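In what follows, subunit A forms one complex with subunit B and a second complex with subunit C.
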Partner chain A sequence: MDFSVVVEYFPRLLEGTWVSIQLVLLSIVLGGLFALPIALARISPVLWIRSLPFAYIFFFRGTPLLVQIFLVYYGASQFDVVRESVLWPILREPFWCAIIAFTLNTSAYTAEIFRGAIQAIPPGEVEACKVVGMSKTQMYRRVLLPRAFGIVLPAYGNEIILMLKGSALASTITILDLTGMARTIIARTYTPIEIFLAAGAIYLLISMVIIAIFRQVEKHQNRYLGSVSIKVPDKG
Partner chain B sequence: MIDLHGFGHQLLQGALVTVELALASLVVGLVLGLLGAAAKLSSIKPLQWIANIYTTLIRGLPELLTVLIIYFGATTVLMSIAGLFGYDEYIEIGAFAAGVTALGLTFGAYATEVFRGALQSIPKGQHESAVALGMGTFHKFYRIILPQVWRIALPGLGNLFLVLLKDTALVSVVGLEDIMRKANIAVSSTKEAFLFYLVAAIMYLVLTIVSMGVVSYLEKRARRGLTRG
Partner chain C sequence: MKLKTIIMGSALFVGAALTGASAHAADKIRFATEGAWAPFNYIDSTGTPQGFDVDIAHALCAQMKADCEIVTQDWDGLIPGLKVRKFDAIIASMSITPEREKVVDFTNKYYSGGLRFLGRTGETVDLKNLDGKTIGAQRATLGAQYLEDNYSGKAKLKFYDNQDNVYLDLVSGRLDVVLSDELPTYNWLKTSGNGDKFEFKGDAFMKNDNIGIAVRKGDKLKDKLNEALKAILANGTYQKINAKYFPFSIY
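Our next item is the complex of A and B:
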């Protein structure tokens, strides 16, 4: 094995890394924005409001991300309506197709996380807010949203890491993200092990950074729990 | 009825390959998961280290990258080993073998955590009463511990299997003739991308629904010893 190729092509790998980070950041932000209304509709007491997000979530969680990317990138361009629409300059670009597919996918998962968090707030806290005479806005701003945010954090951190790993699929539609760049370099140098391991190391490093950031935010968010760490038993 | 241009049969063949790949990886992954959990809970430090490195590495790598590393890496490694013995013909491992290895390793890493949690949640008294009844290590594990671990671990393992089922699509990237690859072939000859990828998506959905049914049957069966409270 000859790791000098890794040194030689490291700037290219970093370029790919930057594309991967852009993909993840954009889809996470957009997915989060979409997820909130989906989650709220999902817990609606009205059946027909509830069933649409249910089908949406079921479809995007039940099919492979690869199928979803291909549906957007290859599937949409099959229709003349799409090719003649104003959106075509966007839908023609693999980067934006990946963003669309990732956003739809992650919003389905995130919506389920949000739903869980909203439903996990004990009703007693809502009642307590009412008792001390808070208005609905105050209740949401001071108690419910910060609480839901604290509950959501660990699962949301996991979702971002899953998104980071899923972003490698962008390489299948010609995007030069970290994996795509690695494959391009390998096609030229025939050193699959060295380059793939280097790319893997970069992915590991990014997930470690994400984990560290979330640990800090979680600590800050749940600071009211005191300095005593509470040991939560494994559910298995 | 939608017109699949005669590719329906091909897609069904692909579905069979997908199911075979998923089940084979499941077996490999369950064995690796149990071994990993045993290693993490053992008192031998090096075993703990190995298991920790294994789960951290595999869980941090994108699944696609794992598949690519195994597929291209295994060839290089096998050829250099064969080269030591003076064999210098080209060796290639098949896409199916690479897929089973990569997905089995991934499933195993996540299953390690599920099994570890389940093993730790078995009360000490269960171990002690098995020993008191004169059971050996094997009998204790096989008759007392494993059935309970199975019951506790099943929901987690079921989720992991659903993830595994979807990850099988990645192996199409290295040329395995699964649902995804058959859909790609159909698209390149008919140019009806939306139709075929939608059909592929629906096939995965059906497989998901069937697996969910099987898992919930197994869960019910594993719980049959418990009285409903």
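Our next item is the complex of A and C:
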């Protein structure tokens, strides 16, 4: 093995890393914004309000992310209507197609995580809110959502890491993210092991940063629980 | 007792499977092709690899009296797959280039091609100045490398996993120009139903692009293949296969 290629092409790998980070950040932020209303609608007692988010979550969790990317990128562009629409300047760019597919996908997963968290709040706390006379909005704003936020953190951190790894699929629609860049370098150097090892190490590093950030936020958010329940081992 | 029987049974089964597999690997020459480069290699409706490359592989095997198997593998995984012995030879319209010769050995050429630009019919394209245009090619091909070497930083370059996706994006309008091998594009223009909307731009270049079969470095298989290749060129088998796909000689 010859790791001099890694040194030689490291700046280009970093370029790709930056694209990957942009993809993950943008889709996580947009996905998170969409996820909350979807989750709230999903737990509505009214059938017609909860059926649409149910179908949405069902579709995006039940089909492969790669298929969703291809549907947005190659599928939509087959129709003249799409190509002549005002949306074409956005849809012709692979970057935005990836953002659209990732956002739709991660918002479905995140909505389901939010739903689980809200429903995991002990019923006693909901009753307590009602007893002190809070309105539904007050109850959500003051108690349920902050509580759900604390519960959601471990699973949500997981979803972001999954998104980071899923972002590698962007390379299939000509985006030069970390994986796409690695494959383009390999196409020239024929050193798959060295370059993929380097790319893997970079992904690992980003994951470590995400894990560290979430551990801090978790500690902060759940500090009222006392020291017993936040004794999480540093490694593992 | 029963558990013992099961364990013994499965151990026997695994053992048999392993020896079976290794015996398999010893006799058979495994050729890998891409399956997305019509008419040289493509997958037909029954899922079997077909095309010029595949026919040549079969002809060579018949000549060598060897047992052969054709497997398919995505383009940019072909050379890595050969290196780790997933197969023994690559017959996938691969150009013989100095970069590739550093990692694999090539047989003599079995045909030669050239690169040629493709664009929309009626649109004038100044091939000397493609600044700001979006040009597509398949990743890890001669065309992609040529674009990187000559247009990097000037035109917008997009690289695809296979040639079919390049055509898709040309038709959708995401690409202005495509750089590809002349012969498969000739076939696409004739067969895809888009022949009237697109046309070649400029002449073919890099016409000394020789296509060979890749084998692992130092593999004796190379000499056997060269011998068989010489034989089928001499006895007319090659010419028959050529005529099946192109009305002119591509050797």
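Of note:
The rule is short, and it goes like this: the second predicted complex is superposed on the first by the 215 of 236 C-alpha atoms of A that agree within 3 Å, B and C clash if a C-alpha of one lies under 4 Å from a C-alpha of the other, contacts with A are read in each partner's own complex, and residues count from 1 in each chain.
We adopt the following convention: contacts are C-beta pairs under 8 Å (C-beta built on N, C-alpha and C of every residue); 3 or more make two chains touch, one makes a residue touch a chain.
Keep in mind the model is a prediction, meaning the values are calculated, not measured.
With the two structures aligned on subunit A, subunit B clashes with subunit C. Of the two partner chains, subunit C is the only one touched by A:R83; subunit B is not. Within the superposed three-chain model, A:L204 lies in touch with subunit B and out of touch with subunit C [touch as defined at top].
Once the two complexes are laid over each other on the shared chain, residue contacts for A:F3 go to neither subunit B nor subunit C.
In the superposition on chain A, contact is made by A:L164 with subunit B only, not with subunit C. In the superposition on chain A, A:W18 makes contact with neither subunit B nor subunit C.
Looking at the shared chain after the overlay, A:A187 reaches subunit C, while subunit B stays out of its contact range. By the touch criterion defined above, A:R92 lies against subunit C but remains apart from subunit B after alignment on the C-alpha atoms of chain A. Of the two partners subunit B and subunit C, more subunit A residues are in touch with B. Of the two partner chains placed by superposition, only subunit B is touched by A:L65; subunit C is not. Annotation: subunit C segment clashing with subunit B after superposition, chosen from 4-12, 76-84 or 148-156, is 76-84. The residues of subunit A shared by its contacts with subunit B and with subunit C are 74, 77-78, 172, 183, 186, 192. Against subunit A, the residues of subunit C that register as touching in their complex are 76, 79-80, 99-100, 102-103, 136, 139-140, 144-145, 148, 158-161, 165, 168-169, 172-174. Only residues 56-57, 60-65, 68-69, 72-73, 76-77, 114, 116-118, 120-121, 152-153, 156, 162, 166-170, 172-173, 180, 183-184, 187, 191-195, 197-198, 200-201, 204-205, 208-209 of subunit B touch subunit A when the two sit together in their complex.
Across the interface of their complex, subunit C is touched by residues 74, 77-78, 83, 92, 94, 172, 174, 183-184, 186-188, 190, 192 of subunit A.
Taken together, the subunit A residues at the contact with subunit B in this complex read 58-59, 62-68, 70-71, 74-79, 161, 164-169, 171-172, 179, 182-183, 186, 192-193, 196-197, 199-200, 203-204, 207-208, 233-236.
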